[in-house]
Every structure is written in C-alpha cells, then in structure tokens.
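Going in written order, the chains are labelled A, B, C, D and E, and every chain counts its residues from 1.
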Amino acid sequence: MKKTTIFGIIILLFILIVSLVVKSNYLFSILIIIGLYAIIVQGLGILMGYAGQVSFGHAAFYGLGAYTAAILTTRYHWPTIAALLAAIILPGTIAALIGRQTLKLRELYLALATLGFGILVFIAFNEGREFTGGPSGISSIPFLNIGSFAFDSDRKFFVLVWAVLALLLLGINNLVHSRTGRALRAIRESEYAAENAGIDSASLKLQAFIFSALLAGLAGGLYAFYITFISPAAFSYHASIEFVLMAVVGGLGTFWGPLLGAAVIVALSEILREVVPLLIPGAGGEYQIIIYGIILILLMVYKPEGLSSLGAVFDRSPKRAEQNTNKQ
Amino acid sequence: MKKSIKSWKFIPCLVLLLALSLIVGGCGTNSQTDAAGKEAYKIGAVIDISGNSSSLGVPERDTLKMMEEQLNAKGGINGHPVELEILDNKSTEQEAVTAVKGLIDKGVLAVIGCSSSGPSMAMIPTVQNAKIPMISLAAASSIVEPVSERQWVFKTPQSDIVMVNKIIGYLQSNNLQKVAFMSMNNSYGDGGKKTFAVAAKESNITIVAEEKFAADDKDMTPQLTRVKASGSQAVIVWAIPPSASILTKNFKDMGLTIPLIHSHGVGNQNFIDLAQGAADGVILPIGKLAVADQISADDPQKKVLDNYITDYTKKYNSAPNSFGGYAVDAFNLLVNAIEKAGADRTAIRDQLEKTQGYTGISGIFNMSAQDHNGLKPDSAVMVRIENGKWKLIK
Amino acid sequence: MLRIKNLSVYYGYVHAIKDISLEVKEGELLVILGANGAGKSTLLGTAAGLIKPAAGEILFNNKAVTGQTSEQIVSKGISLIPEKREIFTTLTVLDNLLLGAFHRYRKNKEGLKNDIKEILGIFPALKGRERDLAGSLSGGLQQMLAIGRGLMSRPALLLLDEPSVGLAPLIVQEIMAILVNLKKTGVTIVLVEQNTKSALKVADSVLVMERGGITHRGSPLEITANSSIQEAYLGRARS
Amino acid sequence: MGEQLLQLLFSGLTVGSIYSLMGLSIVSLFNITGILNLAQGEFVVIGALIAVSLCSIGMPMIVVFPVSILLAALLGGLIERLTINRARGASNLNMLIITIGISISLRGLALLIWGTDTYSLPAFTKGGPLFLGGAALNPQSIWIFALAVVNFAGMYLFFEHTYWGKAVKASVNNRTGARLQGINPHTISLLAFVTAGGLGAAAGVSIGPITMVTYDMGFMLGVKGFVAAAIGGLSNVSGAVIGGLFLGILEAFSSGLISSSLKDAISIIILILVLLFRPEGIIGAKRERKI
Amino acid sequence: MILKLNEITKYFGGIAAVEDVEFEVKEGNIVALIGPNGAGKTTLFNIITGALSPNQGSIIYKGKDMIGNKPFQMASAGITRTFQNLQLFGGMTVLENIMAGAYLRGKKGFLQSFYTLPRKCSEEKRIRTEALFLLEEIGLAEMAELPAAALPFGKQRLLEIVRALASEPSLILFDEPAAGLNIVETETLTNYLKHLKKRTSMILIEHDMETIMEAADRIVVLDFGRVIAQGTPAEIQVNPEVIKAYLGEDEQIA
C-alpha cells in the first residue's frame, strides 16, 4: 500500500504545481489531451497488456461517449454530470453486448473485427443525422458543471482530467496486483493453463473489454465537454490505431506505460511541429509526418517492449535468456 | 511488486518530457521589434496543411505566406511589421483547438482558419472565450450563424446558399424540374445537400434521387445507375476531386446525356485534368477567380483578381485557385481592420463587422452585425467547361 | 571430425557454456549426458549455428565454422535434429523430406527421388503416408520424419537432441536401432539423451556435462562404473 | 432492370479486381513472412506516383510499367532491410506497428515529393468504354482483372508447384526448422518485400487510370484489401481473389439496389459475420480446432 | 470412487481418436494412462478437463455427470491438470504463478480489486502465505521472485505441478510430468507424486515405465483410441498385448 500512496502523492503534487505555475492555455490543452488519451490507453492497456486482447476499435467507444454526452446535453438538456455518467455507461453496455462473441476471436481476427466495429460506429455517426448531426457534427455543447461550479477554463479542466486520471492510475495499480490482475496476466500467458486454474477466461476478458470501453467512454464524454464541438472525424479508425500505438509505445503491462505513451505521442507531434521548421527551414507538415513515422519504427525495432522498459535496462533480468530459443 | 519499483526510474523521464513540452510550447510573449522600433503585429493562422483537407490548406498557406511578404515589403500596417504564424492542424479538430490556444498564448491579434468546417467549428468556443477575432476559410454557413453566438467569427468563402441559388436559377431558366442530387459523404456534401433541399422546395424543384458516396470511393457507377433509372432531368453533384472527377468520368462512360451540374468544390484545374476530357459540358457556379480573363473589364473585381493571379503565378509557378482566394480576402480584411483599429482585439472585431465595400477575390464584402460573411449572390457566376476551359455562361 | 576449442556461450547474462573443448571422432556415436540446464542443447545448437558463441572455435573437418549461420553450416555437412523436431507441420511428409535436401537441391534434382526411397527404407513406418501433412503424424512418426529430413541433407555429422522425449518405449528402441544402423553407413552421430539407459546401450563414447562444463568423458563402461556419475545421473535404485 | 444489374456487376467486378489485387499482395506477404502489412496500400500509391512522374517526362506506358515496378520493388527491399530485418523476433503486434510506421513515413514521403494534388494515369489502351448488353465497361477494368488473374496464377504456381515455393512455405511454418535445412528466412523475407513492392506498383499503375492517385489513398486501399483477405480466410490466396471480387460486387449491388450510404456498413457487417462464423473464409474448409 | 468414464468416444473428422473408453479412478489413487504416441491419451485428458466435448459417453465425477462443462468449471469442481508442453505463466514470478493457480481460493472480483478495503487485503495476505508455504514444501521458495521462465526446465515442471496443487483440487491430471527430466529428477518426482496421494487423486500419462511401476495403483493401456488392457502394474507388465503394442521386449524385463 505504501507505494500506491507515494505514487498518489507524486501525481497530486504534479497536478498542484502545474495548475499553479503554468499560465499557458496551450500547455493546459496539451496536458488535457494527454490526460484524456491516457485514460483511454489505461483501459486499452488492461485489455492488451493484461488480458492480451487487441482492439482496433476503441475510437468507437470514445466517440460513443462523446456523442452520448453531446446529444443528452444539447438535445435533451440533461444536467452535464448525468450526461457524463451516461457517456460512461452506454459504451460499457455496448461492449458487454458485442464482447462475448467478438472476444472468441484471436489476434489478427480480433483486430479486424474490432476495426470493423469501429468503422460501423463511425458510419453510424455519419448517417444518424437526426441524432448526431451527420458529418457536420454537434456544436454548442455546454461546459461540464457540478451545481453552479463550471469547468469552463483550461486550468479547471486540467485539474479535473488529471485528478480522474490519478484515481484511475491508482485503481489500476491495485487491480493488476490483485487476484483479478494475476488472472488476467495468466490468460495472456497461457489461456489453457488459466482455464485449468479455474479462471473463467471468457468472462474475465469480457470484463476487461467492458472496463476499457467504460474508460474510453469517460474520456469521450470529457472530450465533448472540453472541446464543446464534436464531429465524426475525431472518432475514425485512425484514432483507434493511434490509441493502440500509444499503448504499445508506452509499454504494455506497465504502470507508467499508458501515460507515457499518450504523452510521447501527443508531445511528439507538438514538438515536431515546432522543431522541424527550425531544423529544416521552410519545411511543411510533410517532414513531421516522415519523422513521426521513422521515430515509431525505430521505437518498435529497438524498444519493442515500449518506453517504460527503459527503466529496466539496469535490471539484469535472466528472463531474456529464453528469447533466443525458437519461437514457433 | 518488484516491477513497480523499476518503474520508479521513469518519473525523471516523465518530468523531463513535460519540461521539454514547456520549453518547446514557449510561454513567452516577448515580441520582436523591427529596426524602426515599432512593435510587430502578430497574426495567427491554423490551416489544414496535412491530412484530409490538405488540398485546400496548401494553397492557402502558400497564399498567406505571399501576402505577409508583400505586406511587410510595403512597410507593414501603419509602419508595424506583421508577423504571421501559420500552424498545421492536420485536418483534425483537436489539433486545431490546441494550435489556436498556442497562438492565443503567443498574443496574436486575430486568427485566420481553418480550411475546412469541422476544425473551424471546433475553434469557435475557444476564440469566443478568449475574445479573439477569427476569420474562417471554410464554407459552411453554420460557422458564422447565428451571429449572436458567433460575435468573434467571420468567414470569407461564399456560403452554400449563394451557390445553391445560382444553380436553382440555372435550373429554372432551363426549365429543369426533376433533378438528382449526389453528394460526398462529409460536411461539405452534407451542407450542400441540406441547403439545396430547402431551396429546391421553395422553388418547386423535385429531388427524385438522392445519392451519396465516400470521399475515397473509386467508382460511382452504382449510384449513377440509380440516378439513371430515376428519370431525373439533371444531376447536381456536391463534391470535390478526385471523387468528383471519377464521378464525371463514370457519368460520361455510362453515356448519360442530361446536364451534369457540379458545385464550386470542383473549381480548380485539377478537376478538369483528372476527368481526362469527361469534364467537358459540366456546369457549375464558381467564384470569379477561375474566369477572371472572361469577365468584363469594368467589373470591380477584375483588377484584384488579375493582380492575385499575376503575383501567385509568379511566385509559385502555377495558377491560384479559389481556396487561396479565401485566404487573400481573410488576410486583407484583417489588415484593413487592424489599420483602423490598431492592436486592440475588440476594436478589430468591430472594424471587421463594419467592413463595407471591400472588393476581394470572392466578391464584394459588406459585413454587418447580422452577416459575418457579407457576400451576395453576384459574387458567383455560372460556367460551363468547354475543351478543358472554364467558359462563362452569360 | 568436429573439434570444439574453448567454447563459451551466453544467453543474455547466463553463462550457458563455459570454456568447453571436445572432439568428436569420425564414425563414432557420442552420447552426451547431463542434467537439465547443463548446456547440452546449447552445445548442439551452437555447433549447428543456431546460437552464436561468445568465444572459442568450432572446427569441422579442420575448417573453422565458428559464427557461421546454420544455413551455411548445414551445407558443410552438419545436420541437427532439434529437440522440438521443428518439422514443417503444414507440408506433406514428402515435401518435408524434399526440403531436407535444400542446400544440394540445385546440384541433383533427379537423384532426390532415390534418396527419398532410401530414407523410406530406413523408416518403413513413414511409407504410405508421404502425402499426409506432417502435422497429422503421431509423435513417434514425427520424430522419424525429423531424422529422415535431417538425413536428406547427406550429413557427415548428425546431431540429435533428445530424440526419445515423449516417445513410447517401443519406438525409442526402434530409433536407437536406426541410429546404430546409420553409424554403420559411416555417419558420425552426437546424441544428447535423458533416457540414459537406452543411450548407453548404443554409445561408443560418453560425455557428461554439468553447469555448462564437461565433467567426465569415457567409454560407456567407464561411465557406468563411476560411482559419482552413477548416483547423479543413473539413479541409485535402478539398473 | 437487366441492363442495370449488368452495369452494377461490371462496376462490382472493376472495384472487386482492385480489392483482389490488394488482398492478394497482403495475403501472400502474410503467408510468407507472417506479417500483416498495413503499408501495402502505400506501396501501391508510391508505385503509381512513380509512374506518374515517369509519364510526365514522356516515357511510354510500356516502359513506365516495368520501370515503376522495378523501382517500387527496390523500395520494398530497402524497407525490409532497414526495418523488418532489424526487428527480428518482434511480436505480431510490434510488427504490425512497424508497418504502420512504414505506412506513415511513406505517406509523408509521397506528400513531400508529389504534394497533395491528385494525379491520373493514362489507360493502357485507348478508346472509350465497351458496351455489353447496354451496360458500359471500361477497358481498363479488363486489364485490372487480367492482372489479378495473372498474379493469382503466378502465386499459385509458385507455391504449389515449385521447390522454392515449398521452401518458402516451410520457412513460414517453422523458421528454425527451415534454417536447419539451409533455407535462409532473411533472404525469403527480403524477396517477399521486394515482391510486395513490385506487386503494389503493378497494381498502382493499372488502377491509376480508374481511381486517380492521391498521396493519401493508400490506407483506404489497404483496409479494403484486408477486408477482402479476411473474407477469403486471411491466409488463402484464392480466397483473397474471391473475397476481393465478392466485396466489390457486394458494394456495387448494395449501393445500386439498397442504399449508397449503407454500402460500407453492409460490407463491414459481412466481414464481421465471416470473422465470427467462418473464420476460415467463405471458401475455406471448415476444420475442428485441435488443441 | 472419484471419477468414472463411461463409453467416451471422440471423432476427429470421421476418425475415432478415442473410442468407448471406460475406466475409473478411486479416491487417493494414481491411475497411469499409457500407450503408443497417438493412442489418444492427451485427447482423453482434454475431454476430462472439458477442453473437448466427446461425441458420446459420460464423465461421472463425484457422482455427477460433468459433460458440457468448460475447463474453468471443471477446475472449480476440483479437476485440474498439467501440460505436456509446459504452460507456465512465463512472464510472471514463481510466486505469482502459484497465486494465480490459487485463483479459486479467492473471491475478489474485477471492481473490488480496484480500491482495496482492509478486509480484502487479508485475503491477499492469506493467498500469499499459502503460496509461499507450497513453494517452501517443494524447495522453490528462494526462487519465488524470479520470473517462471527463468527457472531451469526441471524446476519448471515442478512449478507447474505445485501450481495445479494450489487450487486444492481433488483430481489432478499429469501429462508426461517426467518428460525431459533426468533419472534423478524423475525419482524425486515419483516420490513427490506418491506423497501427494494423501491430498488428491491423480491420473498420469507417462512413458517412463519405472515411474509408472513405482507410483501407479492401476494402469490403463490405450491403443488406437481403445482401452486394450487395464489392471495393476504387475498384471500390465506381463500382458502380451501390451508388450506387443507398447512396451517392447526390452522393457518387459525392467
């Protein structure tokens, strides 16, 4: 328990210092986006890194959360906090409905099926004009408020998002070191063996899937209340792939991985936007794209376990020994 | 438990990363001053340079860079040099918001952008809150309407309704009452469809078929097959190349002979080149830029258009298109307003709203507290493509 | 025939083979015994080029093959039958055998048919199953196929890694008999085995490994006579 | 009505052949290297864009075709050596992400060299559409279809009837086993990417006249190729061809007869149904999973 | 009697992998399952643990027919197994392997794990203590914090056995536990299995005849999916059919 407390204090200190020191709304907005993505990637990290199931469709849950929040507040004038709650529950419910069948698929088949689900939901956003506003989206979404207190500035929203993130980080840290966390990892390592230890892998995988959908929905709802305008474009399969990238780049099955992955991918594109023109005068977005791609490749070639493994360099783990033996 | 100890080593990395973004993000608002000692005016632009809408954004960026150079060569605004910072939003809403916040932090007087509707819409709450004037380069009329919720937002392209009315006028004068409407499945096509549906109803034109296609569809024959069977007298298409070009080729290949009317979205040479001859006979409403050589010499826009074409062609070695034209108007409107208002955002906004009789590329702008676009139907003309060239329909 | 000098191999930070030197004489059947993790499989894998040594030298017919890849080594005449068999489960038995001759395929396309006949003569149990997928064979047949495929490369030196694992006693006896026959045709054999009893019956010479080093070498008789080995590897209550 | 259906069929076959070509190259690379190449669409785009440049300097099509294939094949090989080959033993997911990285970089490269403009390529044969039974058929469609057939036949002959084909299959099935027989998986992986590059360019040059070429159209082509491949069973070469044609025809008929806005939804639903109930593909044999 | 198989038959593509298999396991007994490779032994294991469902027949466990249950249901009823090709949770530590094996001995669910209440902490502590005790017993305690994949092969075998024990099953199925072990390790294993009889019943697939002769109470011999003989070790050893199909002349003397 000690360690969890320390982590908690660190993150709280970070939030406190940043919210007091930083004046730039730009920086806040970057941190907010990092926080939102980190929330999604936390869930995805549980699904991929612990339950060993890949999903290329999480932008759908993210979008469902955002649309739920947007539609309930703009059209039905729900209180924002109730709409946020619905934005969490609805994606979870949909995940529960589709999960059991879908999760029977393995690896690439699962990847394709979730990708397909993502595209379907994306089509629904575009076609459900009466509800979603079609490709033109929904505007004038109110700010999130609790009673008379509204999260109407970047600073307030930053504190909210990161506080939520911190709670999740700690919860997930508890989770992965618990009976359930062990069972999830057992499924990833060997599903047969896990089943024979009495672990209902289908049900547990489904729970992980629902959980990750809940988090994506939460992030989506917060996103809608932050940007206050949404359109389908933000929830295409490109976003789904981006989330998987964040999860893998950060490092699967690690504590800091999701946050790090989200931070690096978001910061990388911001930094490239500023740095590339300094290095190559007159360069447009083209170089940023190329460099981004190359950095991604280099990471995967030389740090396939993700960035959080950098810390493990000094740890002389004999685990590597097994790697040379043949993989079939 | 051992694992989490390892991850401790990561905190420094995290801190480092955030520190880096702090430095790079640059919170400083220290302005440069030129030799004369007058402080530079900062203007921001958020453009869709890469991503889906990059074909709009790139000519806009090029035009803006050119305009900035020209202006500073002339001595800037009242002796103040202009510093224009152009950021790429990768055609995404979230990046547009981040970018505009960055610009606001840097103390810009106003922002230009974005190239397409989605990112423009996404930026609106931010500029409204920060009270920064913004001039969008995107078509959708919802960007400036209702004006009561969009006091700080203006836009330069003609609204859909201007173009739709041109088309309706053409249909009525040619006695075409049953039409098919085909649109690209994005906000551009969607906007056109909505506007046209309303206008058609008012003028007793029936839409007998409504078809859609995706921006990256490779063959529109199935949709055209349905159109063919619907017995429509004309086809109206709301799309941009390449899908607009593919559709035009399919249309020709299938031997359809009814009039094919496109939107201003195909108003560039690329559309004609890609359709490889199939574009001949296509009719469309368009800004005057494309037919600058054909409009009469006494047209007030003539000189403005010719100047822009000469300058742009000289600098970039290719003819400008209407997207660049939107950027010209946005830049000039802003410069005019700053000239009168100085470095005061509220005053700039007020001046923008008071714009009267500014002759631009897209037309003559007359803004008001009710109209933040300011263009009238005469800002567009109908053209027919003949032998790969735009021909004004008089 | 095969000479190994001062060989060291690391797996990550694990020193799997520590400064080993040994020689295999032409025409002999050498059996390597040792506990799990003693480095037996690593030794074979290194000799076959699957694992890169950190130090030392491997000479085959007096030519250095150290650090060469397994693709190069197999064409020199060393063939490894790995513990996991590594047969091509989605290919037919026939294709498996044909591919065993990969490195000499271009030189002799027609002769291969005869070679396959010869192999099927050694393993009559495979006859009639040439068109079956190798993955559908039982464990014993898969092991025979793996050896047969190895022989298709016409090796001068055959390295076998625990061919008896998971096999019924009857089949183990069969395979041992085949090895003895092979030796008669002039193939040099190195056999790593846990099934000490069967292996000792066919061995010309025995080597005992422990924690990455060689502790004993001798004839089967000497080894069985050594009481410490007896206790450690052959079991007290048995034989 | 008959004419209309025929028109839809032609449209479906045209688009279907494009999907087949994509599916075919994805499946063959998958079969050889075990890598699902998300950058295959970019190979197509780069190949087509190279052809655009070659055409613009006045080369005749008959030269442009092989030269762009050659250049794209070289690029494929180069990429393999620089990325895939250096990431030996990476997990499937990592490999997938490496190919995403390749795809992003290639897209940026294409944007840098060719810009955002859309280009078109000249058709292989001149002349307008053919009219069969009142329905129009673009002659280029026949070329695309022919290319798909030739590719398929080539793959089939290679894998089923050549010794090298067997060696490649062996290397896919068991890498260590293959190495022990003297088969070098690195060479095979290199050749596979060279082929993927070349096939991509061949596809790009032949579909260019119909689809036009934009720097960013590769991803969508890739996704359609995957759907085609998955409908065909993901590792089945003939399945990819049939899956592609099926997908094309399905799209044409659903947008021509049902609704153009639901076209993509219908094909995705079919994909998901196939994945759930016939993961071995629409033509694959059903097998009981063994443990 | 803890387990009784009746007329178990399983077809793969028209071929019977297992046909009309019948035998029973008495409480606290070790039943050995032997036979040539491909005789259907592992298939039978898969059927008993619920990974495969038979085409016909019944599995009576503690008086109840278990047909149609999934492996995790079988496990919670008390049947667990080890694997011929080890299926350790390689990336987890030795201790975590055992604790995961003891999954059924805990109660905490997904959301409960999220924010821990003190009461739930005690469950975690109890499982950890029990796991350490099991490791102590078999001499793996000092390796508790190593990743399972880093253990030498022989220890991995042992670990898998202990992991199976951690859920306190009443029947364990061992699939070739001695494969790849040397004679000394095999002896240790044999003794350990005999020692386990106090806690659980066992079915054992094994090729090492000495282990079987020493440990098994009864032997069932399979060939081509059918039971060709069953009886005490002494009976089986001299059964001519078994010698012909499986043992060979050599082993008979041993």
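Throughout what follows, a contact is a pair of C-beta atoms (placed from the backbone, for glycine too) under 8 Å apart; a residue touches a chain by one contact, two chains touch by 3 or more.
Fair warning: this is a prediction, and the values are worked out from it, not measured in the lab.
Each step here moves to a touching chain, and the least such steps from subunit B to subunit E number 2. When C-beta pairs in contact are tallied for every pair of chains, the largest tally goes to A-B. Each chain gets a centre from the mean of its Cα atoms; for subunit A and subunit D, those two points are 31 Å apart. If you average the Cα atoms of subunit A and of subunit C, the two centres end up 50 Å apart. In this assembly, the C-alpha centroid of subunit B lies 35 Å from the C-alpha centroid of subunit D. Averaged C-alpha coordinates put the centre of subunit A at 41 Å from the centre of subunit E.
In subunit A, the residues that touch at least two other chains are 126, 192, 285-286, 288-289, 317-319, 321-323, 326, 328. Multi-chain contact residues, meaning those touching two or more other chains, occur in subunit C at positions 50, 82, 84, 86.
Touching of two or more other chains is recorded for residues 50, 52, 54, 58, 185 of subunit B. By the touch criterion given at the top, residues 50, 52, 54-55, 58, 185, 211-214, 216, 218-219, 221-223, 225-226, 228-229, 241-242, 245-246, 253-255, 270, 273-274, 276 of subunit B touch subunit D in their complex.
Across the complex, subunit B is touched by residues 3, 10, 18, 22-31, 33, 126, 129, 134-137, 139-140, 152, 154, 173, 177, 223, 227-231, 233-234, 254-256, 259-260, 263-264, 267, 269-271, 273-275, 284-286, 288-289, 307-308, 310-312, 314-315 of subunit A.
Remark: subunit E residues 34-38, 84, 152-154, 176, 179-187, 207, 209-210, 245-248, 250-251 touch subunit C in the complex. Against subunit A, in their complex, subunit D makes its touches with residues 36, 83, 86-87, 89-94, 96-98, 100-109, 111-112, 174-176, 223, 226-227, 230, 234, 261-262, 264-265, 268-269, 271-272, 275-276, 279, 291.
Per the touch definition, subunit C reaches subunit E in the complex via residues 33-37, 137-141, 162, 165-171, 173, 194, 196, 232-238.
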